[in-house]
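This is the structure, below, for whatever I ask next.
We call the chains A, B, C, D and E, going by the order they appear; numbering starts again at 1 in every chain.
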Amino acid sequence: MQTSQAQIQIEHVSRLFGQTAALDDVSVSLSKGDFSVLLGPSGCGKSTLLRLIAGLDRQTGGAIRIGGEDVGDRPPSMRDLSMVFQSYALFPHLSVAENILFGLKVRKVSKAERLARLDLVAAMMGLTPLLARKPSELSGGQQQRVALARAVISERPICLMDEPLSNLDAKLRADMRVELRAIQQKLGLTVVYVTHDQIEAMTMADKIIVMNAGRIEQVGTPEEVYARPATIFTAGFIGTPPMNLFPGRLFAGQDGLPQGVGDAQLIGLRPEDIHIAESGPEADTRGIEYLGADRLVSARLGDTDFIMRAPASAPPPPARFAFGWAQGRESIFDAATGARLTQFDHPTASNPKKDLTHETA
Amino acid sequence: MQTSQAQIQIEHVSRLFGQTAALDDVSVSLSKGDFSVLLGPSGCGKSTLLRLIAGLDRQTGGAIRIGGEDVGDRPPSMRDLSMVFQSYALFPHLSVAENILFGLKVRKVSKAERLARLDLVAAMMGLTPLLARKPSELSGGQQQRVALARAVISERPICLMDEPLSNLDAKLRADMRVELRAIQQKLGLTVVYVTHDQIEAMTMADKIIVMNAGRIEQVGTPEEVYARPATIFTAGFIGTPPMNLFPGRLFAGQDGLPQGVGDAQLIGLRPEDIHIAESGPEADTRGIEYLGADRLVSARLGDTDFIMRAPASAPPPPARFAFGWAQGRESIFDAATGARLTQFDHPTASNPKKDLTHETA
Amino acid sequence: MNSRNWIYAWLMLLPAFVFLIAFTHLPAVTTLIDSFFTTAKGRRPAVFTGLGNYQKMLEDPIFVKAMVNSAIYAAITIPASIALSLAMALLVHRSFRGVSLVRMAFFTPTVLPLIAVANIWLFFYAPGFGLIDQIRLTFGLPSANYVGQPDTALYSVAAVTIWKEAGFFMIFFLAALQTIPLSLREAAAIEGCSRWTFFRRVTLPLIMPTTLFVSVNAVINAFRLVDHVFVMTKGGPDSATMLLLYYIFETGFRFWDTAYAAALTVVLIAILSVVGIGQFFLADRRVHYK
Amino acid sequence: VDLEFYFPVAVGGAAAGTIQSLTEDYMAANPGVKIDAIYTGSYADTTTKAITAVRGGNAPQLIISLSTDMYTFIDEDMIVAWDNYVTADEQKNWIGGFYPAFMANSQTEGKTWGIPFQRSTPVLYWNKEAFAAAGLDPEKGPANWAEMVEMGKKLTVKDASGNVTQWGVHIPSSGFPSWLWTGIVAGNGGLLADDTGKNVTFNSDAAVGALESLVKLSATDGVMAPGILDWGGTPKAFFEGQAAMIWTTTGNLTNVRTNAPFDFGVGFLPGLTQNGAPTGGGNFYLLKGSTDEELQAAADFVKWATAPEQAAKWTIATGYVAPRPDVWETETMKDYVKGFPQALVARDQLDYAVAELSTFEGPKVTQLLNSALESAITGQKPAKEALDGAQAEADAILSAYR
Amino acid sequence: MIGETTFDRILIRGGGALLALIWIAPLAYAVWAAFHPPAFEARFELMAPLTLDNFASAWSQAPFARYFLNTIVLVTMILSAQLVLCTLAAFAFARLEFPGKTFLFTLILMQLLVMPDILLVENYKTMRALGLVDTIIAIGLPYFASGFAIFLLRQTFMTIPKELDEAARVEGCSLLGLLWRVYVPLGKPAMLAFGLVSVSHHWNNFLWPLIITNSVETRPLTVGLSIFATTDSGTEWAVINAATLMTSAPLLLGFLLFQRQFVQSFMRAGIK
């Protein structure tokens, strides 16, 4: 399904702003036709990396290859890619239609084709009634869709997107997820996608690249990143709410836990993998948050706070309950280095790879 | 817990842009100390309503009262409120610290107090190391936090926020949710909050105002809006993924369904309320989407597509399965008008109101 | 918007208008009134002539000549100086090696007094030993008397104007170029937009407010910038460089025919109002501000 | 008494200092008088400033302005005649002591309106080296127009490609060609105006003939560069060897002496039929609007300033022609002339000098003449037609005064 | 620059260099003439002797030191008054609605057209009535309200993003606060540009100062300079240029130091 041919190679790339390193020796290789998602906390260097790939900025160290060639000297226009800017970057004096068609006009695409493509893309993005307006007359989300449309219409083999859906509502966002993924598949685009939305990352990505403070923490499929975080950073970053981390001694010697787990290890458990057991260590309920479908229960085990997810349909937990967890789903980390201790991994059946995009919403 | 004293009253307010009505006869009253969330699709008029409250724009019809007084003639500075702009609106010539302190300086707050408050807010928003930078040297999320800090530091009794967290990563967003809610509670702020993020809406709101195409669809607590959507619009908008709607006849005469439900009705079921039953109508699996904690199963019952949420820890569903649902949790709508048929509502025990904010993440 | 705003607006305008009215508009009205009288001389008081001064104009060959010259002069200097100033601003608004020298070169017209510079240009144009002739002579071309021949004098003067104006307007374009967000340039760069296309489709529309400002000023200056005529040609040879304002000046301050000068001034203001102010109000509505 | 005194400087900055020191000397000698000497730019600027001040009701007592402005000032009714402030004796010895050529521009209607002070006259300078190179006698300049043309032809040098590198003669025609023109016409036995300031004779036969000769210099004789020649660049053209003979003011003597890299001669303007030259420069005027006492004090200052010792100082400092014969008799002046005999040429030429063109509406009328000259010189119109036109227009203007 | 090809670069740099050469030629010539003896005014020889005599002779012919002081006082006064008055007015025109706006703006544009030089006599009368003849303030008064500045600043203010205005108003800025804290800093490039132009214009303005002043204590540099600009006895390029350079040097130096700041980007990422 994926060609493993590397389309974009980032080799030891650094970018310093004065003293601050926005990117620090980053290496990763993105395959052709892949949908790669950059995930990481605010300010970790995602936009910076995207801008380096686009050629809008110059790395202070390392090299970037596209299609095997070092593109250090190539201006953005020669890299054959499109981009959605985090700040939209719409031309304030042009109408929506003109904004979207900007690139095609520049490249002298025939008028007939321009109009045909415009119709298609505008309909897809729900912009058809707004085509004559100026950006200043649009809502935030509408502006974002225009920016997206401008990138999509160009049909370049590589598309870089910086939080393209962040200002859209849930429903539209869900629709756009599906649309974007479908376009990407249809045209075989190589997409590099920055997002904060984990649902986007999980549902769209072929590959997730987790970044932190200018470095790459983990590269993997959504399943890998979710189920087997490589570091406690990833564990604490991925998932809403993220993985709970317990000192090993809390469970030391308990059933289902490998030998030798103690204070030097941290045990990671996802909220949904924790449940009320018949028996076990006692946890205290400290608060309950209603999320619609679920309830998030904050509780405390020993002196460690944790969160458990329970279906909203079930009755709320009592003030004290017995702590239980889905055995075999725990992750074990070295408390000192934060690295995953893979020797403790259970051989889980790999999750079935999604094979088509669905009309999920 | 909530004072029912109305702090902001919107009375038959309309806002026309030429022919387009961005707001169309909107009336709602927001109580003092309430955290009200405006929720609705892109372009439905949320920002417009906020701008009218702030006095940045003038309604074309109707009146707005703050603290009982018609504020039609009052400029924004006399309305004693703060605001976070969707576009940040940071002053490019000022440093982060100066941006945050802008309002305090304008109001001649003493230097000592300014600095004290700055320290506090900057720490809260994680901006301390960035205080000396210019906005152009910040990442998108960092800029957004500055905009937020500028509003928070002012400690005005009313705070308007336009998607203040949309560019933050999940973890930070979760933290900020808690922080914001805590500040709001502590200072007794009346907050009007625009968001696309349903988790934000659910966890923070005292009251959710669902808008659509310039009109208000429903006003209610998160529980009400989630569990008992007043219209099929709300049903289809709230929830990720939203409520599934089935033609009444599919279930006509089934167990647990009230009498008289037929083709003239639509039955709404949330994805988490659907499960694989021992027996029942057969549904076909069409696709599975992995979300980390859960799997979303797209399937089809009769000729209606629907989505079911299943825990990722359970095995994926087979190609065909028997359709079951949590009885009593269905919503029933009039297929013609889209309005909820309350006569069919089950008397459910109201969900426990959350009583404190938790460190959920 | 607050309904009391207009009071603030008027208060803000008040100080400026006190000065404007005291030192521009009132004197200008006096000028207008003067234009309906004859010039008062010590021995002969002014008498009302109605449109007499204006009738005189129609029969005044120098006035006609000045009008024609002014039109030609405007037609040359306006487009040339706007285009050049924009090109210069585009050139120096980002840095490259030696940019400060180039900027300084373009700034010189603003810094050096035109009166002094006119003398230098006079040297450039001087037949025989002038700079241009020295260059021409090394190529074996015959000497030319640029400001001394009626067929080249006006163009020679216009060249100095363009030199002056382009450097002056460049400053405003330079200021305007800085307000274009970098992200737009980036977005365009990704679309493969050439320099020229970006300029035409993005830069130009976005600096329209400044272009409008500059073009209104260019129109006005085309009629107003005559300092160098004083030094270089005094309107000659044979009125070949007689421009309307220079003629007004000559009439008013050399011939001391103030009434006729007033009438000429009224004509000049009328022309400029129609052209300059008309241009502003026509274009202002179409300019994209934000 | 407090006096205000506007003065222009037209010959380089040192003059301003000289006037300042003159007034200071006077004040030192006359403690009762305080003179505020205000430098007011060029002649044109001074006139502008004076008229503005008069119209603004703030006139100074004394100004130096162009002699040709006399009618303008009379017309503006802004000056008073000197006659009221001089005794009969002074009338004879002081006013009567100036060269008549200078007084021609200073008296009309039987009154004296101006007192000559910074006066000049044009002369011809020639390049002795160029003369020698052309096989001419370097010590002898042209005695008349024909000789000038003759010599000019020899002095005109062309390079290999036929471009002229040195012209024979250079008669500047920019700005105020009427001045030199007065001299050319006088050299042809004509006058441009009478002493009433109300009649001009632009198109006399003498004038037309003179203009035809002038045009011929470039057109057929080929001894002068075509087109309008810049006044200010004239000395430069001389220094650079662009022109072997130039016409310019005696005010340039010092300049030429210091800057010419060759030996030069100075001679009378070559006349077509006789010697002739215009006078030029500035006079003292008394302005209306002050008390008699102030005006008397101002007049006394002028009497002192034009007395031989002071005038000599002034002449030496500036190069202007001393306006009274008795100045040339002073020891200072004699010493000066001994070292610089060329200075005498101007004085001697005064015997043939005529008044510079000066009429009512002077600048306007002069401008008409200038335009006519320029159009003829640049070949736009034949001489006669150009001058006829100017005459007609000038008559139209001056008829109001007759 | 992004998207620049080598061909572009050569073309643009080449054209630019040529243009710059033409533009700086007068200044270059002024330097040449000022530092060489008059004999080399029109002869460009590499080995020509250098001299400072021209400066010395220029400096000695007028009280330049005093004139410098007067000029500096003058331009400072004019510029400050202009900035205050015109910023206020421009702001009102750019962002407020009020009756008579179009009419008043037309009056402003009118001022661009009416040449102050033509109103000399009238203005002189006014100054005399005010008792201000021969004061530095009288030189400046007619220029305090500049239609040019109002027009320029209005154009600039109108391009400032509305969101910034709104944010400041929500933060409690009064109208003047808004002007001072948002419009002035964001309009800085235009204000600098205007400052540059205003300073050099008044630094070089001649006729009005000449007419309204009578004494060394009030006169600006240009009057001193004009001693050399006379043409009655041939143009002395060497001294004129020395004097010109001498008087313009502060401006030239100022701009050299200033230009970096002037072209530095002010508003890079204004708002999203």
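Heads up, the rule we're going with is that a residue touches a chain if its C-beta (ideal position, glycine included) is under 8 Å from a C-beta of that chain, and two chains touch if they have at least 3 such contacts.
Given the structure is predicted, the values throughout are model-derived calculations rather than measurements.
J.: Going only through chains that touch each other, what is the minimum step count from subunit A to subunit B?
T.: So the least number of steps between the two chains is 1.
J.: Report the chain whose CA-based centre is farthest from the CA-based centre of subunit B.
T.: Looking at centroid distances, D is the chain farthest away.
J.: Compute per-chain Cα centres, compare each with the mean of all protein Cα atoms, and return the closest chain.
T.: Smallest offset from the overall C-alpha mean is found for E.
J.: Per the definition of touch at the top, where is the C-beta contact count highest among chain pairs?
T.: C-E
J.: Centre to centre, by mean C-alpha position, how many angstrom separate subunit B and subunit E?
T.: Going by mean C-alpha positions, subunit B sits 55 Å from subunit E.
J.: Just the number, please: Cα centre separation of subunit B and subunit D in whole Å.
T.: About 92 Å separates the centre of subunit B from that of subunit D.
J.: Measuring from the mean C-alpha position of subunit B to the mean C-alpha position of subunit C, what distance in angstrom results?
T.: Here subunit B and subunit C have centroids separated by 58 Å.
J.: What positions in subunit C touch 2 or more of the other chains?
T.: 1, 119, 122-123, 126, 129-130, 181, 183, 186, 188-189, 192-194, 253, 290
J.: Can you list the residues of subunit D that touch 2 or more other chains?
T.: 48, 175, 232-233, 236, 240 - these are the residues of subunit D that touch more than one other chain.
J.: Multi-chain contacts only, two chains or more: what residues does subunit B have there?
T.: 75, 87, 140 - these are the residues of subunit B that touch more than one other chain.
J.: Quick one: which bits of subunit C touch subunit E in the complex? Just the residue numbers, please.
T.: Residues 1, 5-6, 8-10, 12-13, 15-20, 22-28, 30-31, 84, 87-88, 91-96, 100-117, 119-124, 126, 129-131, 134, 163, 166-168, 171-172, 174-176, 178-179, 181-183, 185-186, 188-189, 192-195, 198, 209-210, 212-213, 216-217, 220, 224, 231, 245, 248-249, 252-253, 258, 261, 265, 268-269, 272-273, 276-277, 280-281, 289-290 of subunit C touch subunit E in their complex.
J.: List the residues on subunit E that touch subunit B in their complex, please.
T.: Contacts found on subunit E: 161, 163-164, 166-174, 177, 181-182, 185-186, 188, 266-272.
J.: In their complex, what parts of subunit C are in touch with subunit A?
T.: Listed in rising order, the residues of subunit C that touch subunit A are 181, 183-184, 186-194, 197, 201-202, 205-206, 208, 288, 290.
J.: Please name which positions on subunit D make contact with subunit C in the complex.
T.: Residue list for subunit D touching subunit C: 44, 48, 51, 72, 74-78, 161-165, 167, 173-175, 225-230, 232-233, 236-237, 240, 242-243, 361, 363-364, 367, 370-371, 374-375, 377-378, 380.
J.: Please name which positions on subunit B make contact with subunit A in the complex.
T.: Within the complex, subunit B touches subunit A at residues 17, 39-43, 46-48, 86-87, 137-142, 145, 162-163, 166-174, 196-199, 202-203, 222-223, 226, 236-242, 270-273, 286-294, 296, 298, 305, 307, 309, 311-313, 316, 326, 329, 351-352, 354-361.
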